[in-house]
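What follows is a set of structures to go through.
The following pair of complexes shares a single chain, chain A, combined with chain B in the former and chain C in the latter.
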Partner chain A sequence: MVEGRAEVKRKAGLRLWLSAGWLGALVLVALLAPLLAPNDPLAQDLFAGRLPPFWVSGADAAYPLGTDSLGRCVLSRIIFGSRLALTVALTAGVITCIIGAGLGLLAGFWRGWVDVVVSRFIDIWMAFPPVLFSILLIAVIGPGVFSIILAIVVIDWTRFARVVRAEAMAQGAMDYVASARVAGRGRMGIMLREVLPNVLPIVLVLLTLEMGIAVIVEAILSFVNLSISTDDPTWGGMISEGRSSIHQAWWVLVFPLVTLFLTVLSFSQLGEGLKDRFDPVLR
Partner chain B sequence: MTYLSVRDLTVRLKDGPALLRSVSLDVAAGEVRGLVGESGAGKSMIGKAILGILPRAVEVVSGQIVLDGVDLLTLPPAERRVRVGATCALIPQDPLTALNPSRRIGPQMTDRLVDILGWSRANAAARVQDLLAEVQIVDPARVLRQYPHELSGGMRQRILIASAFAAEPRLIVADEPTTALDVTVQKQILKLIAGMQARHGTALLFVTHDLGVVSKVCQSLSVLYAGKVVEDAAVRAFFAGPKHPYSAALLAATPKYTDPDAGLQPVPADVIAAVRAEVGHG
Partner chain C sequence: MGLLRTILLRLLTTAITLFGVAVIVFFVIRVVPGNPIAMMLPPGATDEDIARLTALYGLDKSIPAQFWIWGAGVLQGDFGTSITARQPVLAMVLARLPATLELSVLALLIAVLVGGAAALTGTRLRQTKVEGGIDIAGGMALSVPDFLWGLLLILAFGVLMPIFHISGRVTPSLDLPFVTNFYLVESLIRLRLDLTLDLLSHMLLPALSLAIPLAAIIAQLLKQSLKETMHLDYVTLARTHGYSEARVIWREALPNALLPTLTLVGVQFTFLIGGTVIIERLFSYEGLGNMAIDAVINRDLPLIQGIVILFAVIFTGVNLVVDLMYAALNPRLRHG
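And then the complex of A and B:
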C-alpha cells in the first residue's frame, strides 16, 4: 500500500514537473519577450525572406528559427505570440471557470428551479456549433483580445457547469451533507464548506484543460484572421501564413505548431498532475 | 417523560404514493427505541422526517413531530433547523460517505461546535479529543490530523459516534449504524453506542432490520410494514411473544445459531396478504 502510493506519486511528479516546467518557461518568455527576442517581431526584411532555421545550410545566424516570406524572424514572433496565447489562456480560463463552476455548483447542489434553468441553458448552449458561434460573436463585436476572451467564456462555460453540476449532485447525496444539515448548517454554508472542497480537484483539472482549449481557440480565431490586428504575432496567425508556403518554408508552419502543441499538452498534463497531487486519497 | 412524540405522521412522494401512513411513536428521554422492518418499510424515512432531511421529492402531508413539547412541523424552517441542530444528531449508515473526504477529522468535528453552537475553538478541540478517547480511539491527537481515507471503517464509525455525541444532544437517530461494517466490528460498535447512550442519557431511535440488534440495545421497538406501525411493544414483551402475526413471522424468520440446519423461514404469504390488507398497501 505504502509503496503503491509512492509509485503513483512519483509518476504524478514527473508529469507535473515536465508540464509545469514548460509552462513556467513560457510565462518567463512572455514576460521577458523584449529581452529574449533576437529581432523585432514586426520588422520585415524582404531580402531575408524564407531563411531556413540555423542547422540548415543557407541559414542566417541572426534568425535562429529562420524567417517567413516577409523576412520576419520566426523565433521572435513565437516569443511575442506567447504573450497573447498566455493572456488569453489565463484570463479566459479563469473567468470561464468561475462562471461555469459557480453555476454548476448552484445547479447541482441547490437543485429545484435553479437546476432547471441552468440545465436548460446548458442544453441550448451546447447545441450551437462552437466555432461558428465564436466567429459570429466576433463578427458582431469586432476583433480584439477582449472579444476572444469573451467568445471563449460565452461558449465554454457549459464545459464546467455540466461536470461540476454532476459532481455537486453526487456529493450532495453523501451522508456527510446530511449530517451537516442535521447539525444546523445552512445550505449556503454546506455548499461552500462541505461540497466545494470536494469538487475543487475536478474544477482544477477542468481549468487547466480549459486553458489549453483557450490557446487552441485563440489560434483558430487567429487562423481565420479574427483575432487581433494581422500584424501582431500570434501562433495561429503564423500557422495560417505558414500554410501558404508549406512547400518552400516548412519552418514557418512547424515551429509555432509545435509550440502550440506542447503548450496545450502541458496544460492538460498539468491538470492531471495537480489532481493527483491534491487528491486527498492519493496524497 | 416523553421527549419525542410522532403523531399520525403521513409522508408521501410528491403527487405519488404514501411512504409513511399515519405513523405514531414515542421516545422517552433516555430511552432506546428500535425501529424495525423490511427494506423500504420506511424506517429511515421516519428518522429523516424527524431530523428534517427528507429528500426533495418527498413531502409531509399531515401529522405532528413533537420534540420536547414543540411541534417541529409548525416551526419556520430556520428555527426548526436551529432547534434540531441543538438537540438532535444523526449516526449515519455508511461511515465511508459520512465524513467529508477532503477535510481533516479535527476541523470537521470541531467546526460544527464552533460555527453553529458558538463554542470557543479551544473548548471544542478539548471536547472532541475527550470524545475520541471515550470511543476508544488510540492517539486521538493524531487521528484529528488525519483524513477520513486514512482510517478504517470501524474507526470512522467511532468518529461518527463521537461526533453525534459531541454537542450532548437529547436525541440521536442511528440509521442502521452497523450495516456497513463486518460482523466483528459491528459487535464492538453496538457495545460502544449502548455504552455512550447509557453514560450520556441520550434518547436513541435505532433504525435497523436486525432483531438481534434490537434485543441487545433497545428497550422498546416499533415494527413497520409498508410505512405503517403494526406493533409497538417493550422489547422484553415482544421477544416473549409478539402480538401481531406479521411481527411474529418476522421474528420467526430470524436465523438462529442454535439451529443452523433449520434453513430460512420466509414470512408466509397469507401473513403478508393480511398485513397488506391491514395497512392498505395495494
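And then the complex of A and C:
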C-alpha cells in the first residue's frame, strides 16, 4: 500500500466506529420500537396499499417509506423487524459460540477420543449444505424464534469448533503450556486459565461474524416463509414480498434490503476490524 | 504406496461421512410431528385409508427397520418414491441435477476468472492505488453473502436496467430440442447459439451472486501466495534473465502459487454449491435446491432424503477430488 501505517490504522478505526455506530443505533431502535414506529406494524389499510415513499408523488405523509400491498407501514415493519433480527443475532451467536468454542477447545487441547468424535462430527457437518440443513430443521421442529436459534446453533457450532480446535492445538504445543505442566498444574486448570484466554480474541472475532451470519439465516428462513408467522414483521419476509411485487412497488424490497445489507456489513466489518486490532503483526 | 494409502484412507473416511449424513437425515426428519400421509389425502379420508397408505410407504414400521429397508434400497440405486410427485426419487433428482451443476460450474468459472484476474493484476501493479482498490473491493465482496448479492443484482439488472432475466432457467415459450437436461452444454454442442444466449441471460445473475464471494476469496488467497512466491530465489533468478515482470508472474510465480489456492477453492466450491439452494429459490431457477425447499415445505420425506444425500455425495466428492489432485500435484506428498 502507498498509504502509511498511521493512515491504514485511522481508516480501520473509522470502519470499526461506523459499524459499531450502526449496530448501536439498531439496538436502540429495537428497544424503543413502539416509541419510534409511526404506525402499528401489523395494521392493514387496504385503501392505502402500495403507497410510495414520501418524496414520490402520491405518497401519504403518515407512511414515510410507503406501504406494502396490504397497506402496512414499511418503516414501522422495518423498525419492529429489527427486534427479531437482533434477538436471533445475540442469542444464537452467543449460544453457538459457547458450544462450538467449548467443543473445539476440548478437542484441540484434550485430544484423544474427544478429538476423534468432534472431528468426525465436523466432517459430517461439512457434508451438509447449510441452508438446506437449516430449512430441514425448521420444517422438523416447526417455525418460531426458538426454532431459528436452535437451527443456527445446531448448524454453525462447527465454525467455532474448527477454528478453536486448530488454535488450541497450536497453543497446546507452546512452551508456556509445557512449563505450566512441569509446575504441576492440572490439565483442566491449564486449559481454562492459560489456553482459553489466548484463544479468546479469535473467538470474539468469530462471534461478531457469527452474529452477521445469524441475521442472514433469519432473513433467509423468513424469505422462504419458515421463520415466524407471516404477519409478524421480519426483514426477510418483507424482502420476500418485495421480490414478488418488484415491478409494482420497488420500495417494499429496497428499504428492508438496505437495512439488512448495512446490518450484515456492519457485523462483518466489526469482526474484520477486531481481527486487525488483535493481530499482533498489524499492531 | 504413499499415494495409494492416501487414496484408500480418504475413500474410507468419505464412506463414513456419507453414512453419518444418511443416519442423521433419516432420523432427524422422522421426528416430524406432522403426518405426511394425512397431508396427501383429501380431507374426509378414513383412518383405514391413512393406515393403508402408511403401510404402502413403509412408514408403519419402526424407524431402525425403515432405515434398514431404505439403506438396502439406496445401495441398489433405489431411493424410494416421492410422496407428492409419486415418481422415483432418483429419476426426479437426476433430472434436476444438471441445472444445478451447470449453474455451479458457471459460477465457479466466473469466480476463477475474475478472482484470478484480480490477483494477477494486483500482483503486477502491487503497491499502487489499483492494488488498494482491489483489496477494498474484495473486502466488500466477502462481507456480504450470496443471498444479498442476488437481491442487489435483481434490483440493479432486473429493475433499474432490465437487461437480464431474473427468474427461470430458459424462456418458456422457446422450442427446446434438447434430449438431456444439460441445456447449456447441449445448446453449445448443437450450435444453437440463440438458445445459449437465452440460457446465459437467465443464468448470469444467479451465477454472479454465487461467484462474487468466491472470486474475492480466490483473489485474496492467490495474491497472498503470489506475494510469497515472488520473493523466492528462482523468481529473482528469472528476473535477472531479463524476462518481463508479467512473464515472471505468469510463467514462474503462478504455477507454484496455485497449489495452496487449489485446496481452499475446493472447500469453497462446496460452499458455493450449498449456496445454490437459496439462490435458485431467489431466481426461481428450476434446479435441485429449489426442489429441495419445496420438498421440505411439503414434508416429502423420501425426496428430502434423496436430495440431501446427493448434495452430501457432491460435497464429499469435490473434497475427495481436490485432496487427490493435491496429493498428485504435490511432489512432497507423492514421494512421501
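Please note the rule applied: the second predicted complex is superposed on the first by the 261 of 283 C-alpha atoms of A that agree within 3 Å, B and C clash if a C-alpha of one lies under 4 Å from a C-alpha of the other, contacts with A are read in each partner's own complex, and residues count from 1 in each chain.
Keep this in mind: a contact is a pair of C-beta atoms (placed from the backbone, for glycine too) under 8 Å apart; a residue touches a chain by one contact, two chains touch by 3 or more.
These figures come from a predicted structure and were not determined experimentally.
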Combined model on chain A: chain C and chain B, fit or clash: fit
Touching partner for A:L265 - first (chain B), second (chain C), both, neither: second
Which superposed partner A:I135 touches (first chain B, second chain C, both, neither): second
Degrees between the directions from chain A toward chain B and toward chain C, using C-alpha centres, nearest 10: 90
First (chain B), second (chain C), both or neither touched by A:P197: first
Chain B versus chain C as contact partner of A:L36, first or second or both or neither: neither
Touched partner set for A:M169, first chain B, second chain C, both or neither: neither
Partner chain in contact with A:A178 - chain B first, chain C second, else both or neither: first
Chain B versus chain C, judged by how many residues of chain A each one touches: C
First (chain B), second (chain C), both or neither touched by A:V94: neither
Overlay on shared chain A, then closest C-alpha pair between chain B and chain C (Å): 17
List of chain A residues in touch with chain B within their complex: 111-112, 174-176, 178-186, 189, 193-194, 197-198, 200, 280-281, 283
Interfacial residue positions of chain C with respect to chain A in the complex: 13, 16-18, 20-21, 24-25, 28-29, 31-33, 127-129, 131-132, 139, 142-145, 147-148, 151-152, 154-155, 158-159, 166, 270, 273-275, 277-278, 281-282, 289, 292-293, 296-297, 299, 304, 307-308, 311-312, 315-316, 319
Chain C-facing residues of chain A, complex: 1-3, 120-121, 123-124, 126-133, 135-137, 139-142, 213, 216, 219-220, 223-226, 239, 243, 246-247, 250, 253-254, 257, 260-261, 264-265, 268-269, 272
Complex contacts: residues of chain B adjacent to chain A: 51-53, 56, 81-82, 84-86, 88-90, 92-94, 97-103, 111-112, 115-116, 147, 149, 160, 163, 167
